[in-house]
Amino acid sequence: MYDVVTFGETMLRLTPPNFQRLEQTHSFDVGASGAELNTATGLARLGLRTAWVSRLVDSPLGRMIANKAREQGVDTSHILWAKDGRVGLYYYEMGASTRASQVIYDRVNSAISQLKPGEIDWATILNGARAFHISGITPALSASCAEASKEAVRAAKRFGCVVSMDVNYRARLWSKEAARECITAMLPDVTILFTTLDEASTVFGLNAGPEEVARAIADKWRVPVVAITLRDAPSVLRNVWRSMAFANGTVYTGRTIDLELIDRMGSGDSYDAGFLYGYLTGDVQKAIAYGDGLSAIKHSVPGDYTWVTPAELESQVKNVQTKIQR
Amino acid sequence: MYDVVTFGETMLRLTPPNFQRLEQTHSFDVGASGAELNTATGLARLGLRTAWVSRLVDSPLGRMIANKAREQGVDTSHILWAKDGRVGLYYYEMGASTRASQVIYDRVNSAISQLKPGEIDWATILNGARAFHISGITPALSASCAEASKEAVRAAKRFGCVVSMDVNYRARLWSKEAARECITAMLPDVTILFTTLDEASTVFGLNAGPEEVARAIADKWRVPVVAITLRDAPSVLRNVWRSMAFANGTVYTGRTIDLELIDRMGSGDSYDAGFLYGYLTGDVQKAIAYGDGLSAIKHSVPGDYTWVTPAELESQVKNVQTKIQR
Amino acid sequence: MYDVVTFGETMLRLTPPNFQRLEQTHSFDVGASGAELNTATGLARLGLRTAWVSRLVDSPLGRMIANKAREQGVDTSHILWAKDGRVGLYYYEMGASTRASQVIYDRVNSAISQLKPGEIDWATILNGARAFHISGITPALSASCAEASKEAVRAAKRFGCVVSMDVNYRARLWSKEAARECITAMLPDVTILFTTLDEASTVFGLNAGPEEVARAIADKWRVPVVAITLRDAPSVLRNVWRSMAFANGTVYTGRTIDLELIDRMGSGDSYDAGFLYGYLTGDVQKAIAYGDGLSAIKHSVPGDYTWVTPAELESQVKNVQTKIQR
Amino acid sequence: MYDVVTFGETMLRLTPPNFQRLEQTHSFDVGASGAELNTATGLARLGLRTAWVSRLVDSPLGRMIANKAREQGVDTSHILWAKDGRVGLYYYEMGASTRASQVIYDRVNSAISQLKPGEIDWATILNGARAFHISGITPALSASCAEASKEAVRAAKRFGCVVSMDVNYRARLWSKEAARECITAMLPDVTILFTTLDEASTVFGLNAGPEEVARAIADKWRVPVVAITLRDAPSVLRNVWRSMAFANGTVYTGRTIDLELIDRMGSGDSYDAGFLYGYLTGDVQKAIAYGDGLSAIKHSVPGDYTWVTPAELESQVKNVQTKIQR
Amino acid sequence: MYDVVTFGETMLRLTPPNFQRLEQTHSFDVGASGAELNTATGLARLGLRTAWVSRLVDSPLGRMIANKAREQGVDTSHILWAKDGRVGLYYYEMGASTRASQVIYDRVNSAISQLKPGEIDWATILNGARAFHISGITPALSASCAEASKEAVRAAKRFGCVVSMDVNYRARLWSKEAARECITAMLPDVTILFTTLDEASTVFGLNAGPEEVARAIADKWRVPVVAITLRDAPSVLRNVWRSMAFANGTVYTGRTIDLELIDRMGSGDSYDAGFLYGYLTGDVQKAIAYGDGLSAIKHSVPGDYTWVTPAELESQVKNVQTKIQR
Amino acid sequence: MYDVVTFGETMLRLTPPNFQRLEQTHSFDVGASGAELNTATGLARLGLRTAWVSRLVDSPLGRMIANKAREQGVDTSHILWAKDGRVGLYYYEMGASTRASQVIYDRVNSAISQLKPGEIDWATILNGARAFHISGITPALSASCAEASKEAVRAAKRFGCVVSMDVNYRARLWSKEAARECITAMLPDVTILFTTLDEASTVFGLNAGPEEVARAIADKWRVPVVAITLRDAPSVLRNVWRSMAFANGTVYTGRTIDLELIDRMGSGDSYDAGFLYGYLTGDVQKAIAYGDGLSAIKHSVPGDYTWVTPAELESQVKNVQTKIQR
């Protein structure tokens, strides 16, 4: 019986070390990276019983991904193992100064993209679960993944889960029209929606400030909690982070945090994890504070995970930590 | 105007450092690896004007492959550049002791697999060329690649090239029946065929000693020169190398060389390069000696290339070098 | 409910890269290394439900050890977490040529050394378990660990487990007299005993060939299965491996295997894992074959674990693998 | 037939990793670094046919330099290869905070320093070329290099090239008097001169603001285009970049760009490349914009090259890029 | 005969590379780190004859520490070598952004903690020495170390040394009461005391601004020179540094320096070294300037040492250096 | 007062990691390598008071060399420090299989090559010394070095030292005629001469077996002890080592040792160190045993030094060590 179940793809992440360009490197650092697994790791590190559901090839590379989930304390017993197929991957070039970071995906035909509705035993997995989390990437992977995502969201709703969704719009995976149709079809079952102003504009056609956008989504699709993350990027390695949420007719806001970027991958997923943790163990205000805090920590950690302890996150939520501790 | 033109796929090669297993590693060493490019680099290092023809995506990863060809002195001006698609790759786990090295391919749908006959301007490329080299991997990549390979071999023959082919049978790419049909269709145009006893058995259905096999191929398909490489593997890191050739009714044999394996990838391709170099600048006996010598050096060099100079190879052909030189 | 439960200490292992001497190095490779966890990882990789029981400090270093156990699929839910104390560690200098590898322990006062009898809930853990494994290191850690080890062995016997013990005598931890007294006190409950001729001489005072020694132990302490591993070391990086077992009045022998050593740490523990797996899924002859096979693979893998799959081990048991697989 | 030909020395660059001091390091990262080659690589990456002319020893180190030029798409067929001599090198310690970066040269008696006038076949090389680029380092290498540089500049002028020169004054190589005499002797043939205010003061005795200095040089030596780069260094890792040019009686200015420094080596050379590219494909205003853009990117890339694509540079010229692209 | 003698513990320092978290890393960078050795290395690099006194185990790890002291030019001939025992160590996780750096000590029962008064031959060591330096860590290691520290301070006073002490309060090692009692007992023999406002509050119960605190210490315990370092930490990687001193009734102040942190470990010890050097070769004003300068450099250098030359420090004292030097 | 003084050049040694070829590498491992310093480090590690005399540039690179000597316990107080000049260096490509290791020197005009007779205060340095060691490389560096070497040898003889010389013939540095003339001029003052059969043939014109050669040298130039090292190289990574000596009319022989080569640089110098140590603390038979033992260990250690302890060497001399020690 799980506190939270997440569902989606995890890829190998291949990163040149030391700010090298992709074309220049002689080695890649390897990680296992995927929005929903990233969120699951954050929740598991904070002490919640968390499972991640996916489909992987039974090869050293597929097993590497499951190993890394287990290493973080995430349950992997419901992964579907495929005999054939491939492990999706992406190349991540870390930028600096005026050169933006960039991601090149090579995920077409990954094992999960061939997943079909009915293959996952949601009744067993979600029975007793408190929350279910998915991002807009999972339905974008293939037509059958879109169906499987809808099936999962419906099942989660049926089992009484808090249904959490991050829009995570990826233009390389599907058109904005396809995203809008599929995501809005699921929204009525969603409890918490995470998005950005860019996504709100592209996917929902909403062009306004965060408060207006959140309110509009909440109103139009009856989403109880809408959270919006806001990032300024004065330089590649210096960002400014804020977030807000709209729930129960109220606007909640978090702190503004100056960030030094060691690795920004997974920071949105960590926000989701911190927010969900705060929400499940408190309220929306706590959710924002823990979302902001976990995302801030993530920016300082190489790879997609935070490796955080509950005590660390609590200390972070109280005060940004900048002085050495010994 | 080139001395030798080669045609085939090059992939990214991802290798865990220090004998780590794939599932265990935290980084991959990156190389550009492909049978026909490997052979081209050997020929270019030995001073021949060499071009490699292929199809690549215009991404940092595709450009990385072309860069590495250029770095070796191989002409890349006839590569076809695709806007979309992917770069094929493979994972290479280096074994030791009783654990064999293994290769996991992830090359389906690479840019070259979508190459169609007629897209390469062989008339321009092969005009004046002395030799053309291809391996059995190129036609195995897709049905259209099989057609494009046949087109290339026919063109090479028409332009008077020495046509060189390495069987390089890959069971993961096609069935032995498909390989047999396609390769034997090209054999009448082939001048030099490289193969092994395993391949002769699988692809040609010939089960016998090297001399008999070579003679049978030469007789049946009118191949002027048949070269067979022979490898014993008493342990993963200790191999014994020999080769022989049959031409003009004569059996030619090389030395037996004890090898310490630093990296065996590309050693067959280096044999082809050394053989072709010896053949184009001498005769079959020189071809074997230079093939054996270049392959032996390759086993000692990380990555797929030998980085050899003509003087080094000549010294190696005279005497295996084991004492420090200063 | 577990197939196998193991109990003991895991330390950080700090290894200079590239054959550097300890005094010379500028970095250490880090691993989590401990006889009983090593054995557990082997069993888990082969598909058995395996738990490892220990006591760890709740620090990043303690958590790192538990993470690595989880990564291998080993259950860690019965680890006792201490607020204070330290993580034991050892420094491992890899030798070559005529310079032997050496280990320097720094494990005094580690968290597990302060474990007391009664603190582990063996009734819950061992209920339904098929086997329990411990090595002679656990009782050697402290007087209270000796008591806790006896308690564990008695409990395992009571719950009907196959009780497996590896002598693993460490002269730095206790005297041979203390080892003899403590281990022989547990032997009547032991089903399978793993030892070497050196240990048999030191700990049991038995100086003879493997067959005589195994028979003597079996007779004197009523141990149903006695397995002896035999290693020759013509050089640091080249060893020859054999093992034998005595059970039911019969002598079983395995193959002689020539080994190239990439990393020999954990090879005895892998033997135990392979043996136990073979024993639980077959008989003593299978046990030896799988013990030899898993130990042989271990010698080729950096770190203490084999990262093996059942299919790999089966292929190894059939035939030592030395040719590249693709 | 080339678009641009550059002429000068390339050295091995040896850099301690991770901000280590030279005296402290246990390894060096290796690159091939030289003002004129750096500029050539920028031009080649932007699609111009570019050759680099130099003199190198035919050793692994000399060949490494030529390989790296080829890897970038720079033509190396006019390099003179010496049997004896040495490859120049320099040690580069990357600073931070209040500790400045520093360079220690070890380039005396490098192969190119022994080049004599008449040894390079400029008639063949420059025939049809649109531009020729040299820096003040080449004549500073030796008396014969000074003569060879003058010969090259005269030839370039005679063949109708845009003659581009970067003052690049190096006090360790020659006195300011020698620099002034030699450089001013070449100025009447120069089309574009790159310099800084420090150099203008030291070499030309001009102490004034950028506009006055540029105008003075243009007037005194009839240089059609004078470009001045301006760098503020509030800290070692944070610089502010601007540039301006004077041509046709007009002052052109670029943007002010805040830089995070990953590696500043080659940033001036990249400015030259971007400027020349903009000039040859547009006008002085485009030249400044492309010079600023390419230099800004360079500061973010390890090593001396930018590995840029034309599309990247165009995007940079339009807008500094700080947000992740996927 | 030494200029300065320092006395204290040095540990192995284990640091994950590249901002990785302790729990995440696969390797540790190794250094030898200890307050009094760090200060000694700074003094030795500046040309003073400096000895470091300690107690070490005669193992590769103990020898590594002594080697690194010798490498810096510090005399190690008075180290006591123990047959048994352990080398203390600590794990250092480098933070960024809002995640603070943290230190985990594992130093209990290190060889020096078992040092007893009377074991060091201070009469020989201090004869003719100009200064003696110790920090509050040495007495905190054990009761016998507290006695040995008092013995050392008394001896230094007796031999006419400038007695320098850095409070360096470590809450993990002793209570504030114990620290207060032990340190104030030594203060009457102390010439120069280094402390911070936090320590002044914790250890001395003084809560005020730097001037008041310094004056209060000077008055109450008759300490001729009291130096206080002041650090602001707007972010983990950006700090602001200042220091001041009170002596002879006068307040001395240094510059305010903006720091980019590459590695802040040892920066306080470097301040002590620079201060002492300035004091011994000049006066209090010089002491502050050289303390500030050396500490600023330290922040830019990986590891605990500055590897500085006298000329570098002088140049730094004159002007913060931010532009490349070549 | 020293036990042994050695005199010669030390260079930076730049080695590509992991068997990469020079032309292929992206980094160099750095060491400080020189025949006479290597020998000094061996002697210092064995407990003798040892000084190394040389001339170095006062740059980070020169200081790095002196630091590394100090780190080993070698006295560096008699090094002459030059303001200008360069640090010699060499590139070392480690071979394998049939590709020999190779060394490329870049040492012309190093600081020591400009050393003149009279600049070193031998009277102070050698006063009371028991032995002086030099190799044939020092006089080969320049004409003035040849004079300075002769001066040193004469002084050593005058001060009653055991004068030890290793022929170490380097064909790249001088002709065999020059070597013969210079070395034979010094031989009458030499107590112990180290050489090989190749050198005996080239430099002394002696072509015979080791016993005849040693006897001939002893007779012709009145050398009391002549030691000859004998190496077979069946493969690059497998060598067989033997040595013998002739003294007092007697032939002494050591063991034959099978070697696995991790790094063979400095193995001859380690032989000299072990031999000298054995000779100074025993007799010629002990000298051979310790020379063989230390050289064997050296082959297993990366870099030029052995990092040995006296206890390790004694254990090695008794028995080649191949089994793990814990």
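Before moving on, here are some points about what is shown:
Letters A, B, C, D, E and F mark the chains as written, and numbering starts fresh at 1 in each.
The definition used in the following text is that a residue touches a chain if its C-beta (ideal position, glycine included) is under 8 Å from a C-beta of that chain, and two chains touch if they have at least 3 such contacts.
In this text, all values refer to a predicted model and were calculated from it rather than measured experimentally.
Comparing the centres of all chains, each the average of its CA atoms, the largest separation from subunit A belongs to F. Chain centre most remote from that of subunit C: D (centre = mean of CA atoms).
Comparing the residue numbers each copy contributes, subunit E and subunit F share more than half of them at their mutual interface. Of the two chain pairs examined here, B-F and A-C, it is B-F that is joined by more C-beta pairs in contact. Between the Cα centres of subunit A and subunit E there is a gap of 45 Å. Shown for subunit D are the residues in touch with two or more other chains, namely 17, 21, 23, 26, 67.
Taken as a contact graph, with one node per protein chain and an edge wherever two chains touch, the assembly fits none of the named shapes, being neither a line, a ring, a star nor a complete graph. Chain pairs that touch one another, listed by label: A-B, A-C, A-D, A-E, B-C, B-D, B-F, C-E, C-F, D-E, D-F, E-F. The part of subunit E that touches subunit A in the complex is made up of residues 18-21, 23-24, 95-103, 105, 170, 172, 233-238, 264.
Of all the residues in subunit B, the ones that touch subunit F in their complex are 17, 257-262, 296-297, 299-303, 305, 307, 316, 320-326.
Looking at the complex, you find that subunit B touches subunit A at residues 14, 17, 21-23, 25-30, 59-61, 63-64, 67, 86-87, 91, 93, 104, 106, 108-109.
Residues of subunit F touching subunit E in their complex: 67-68, 70-73.
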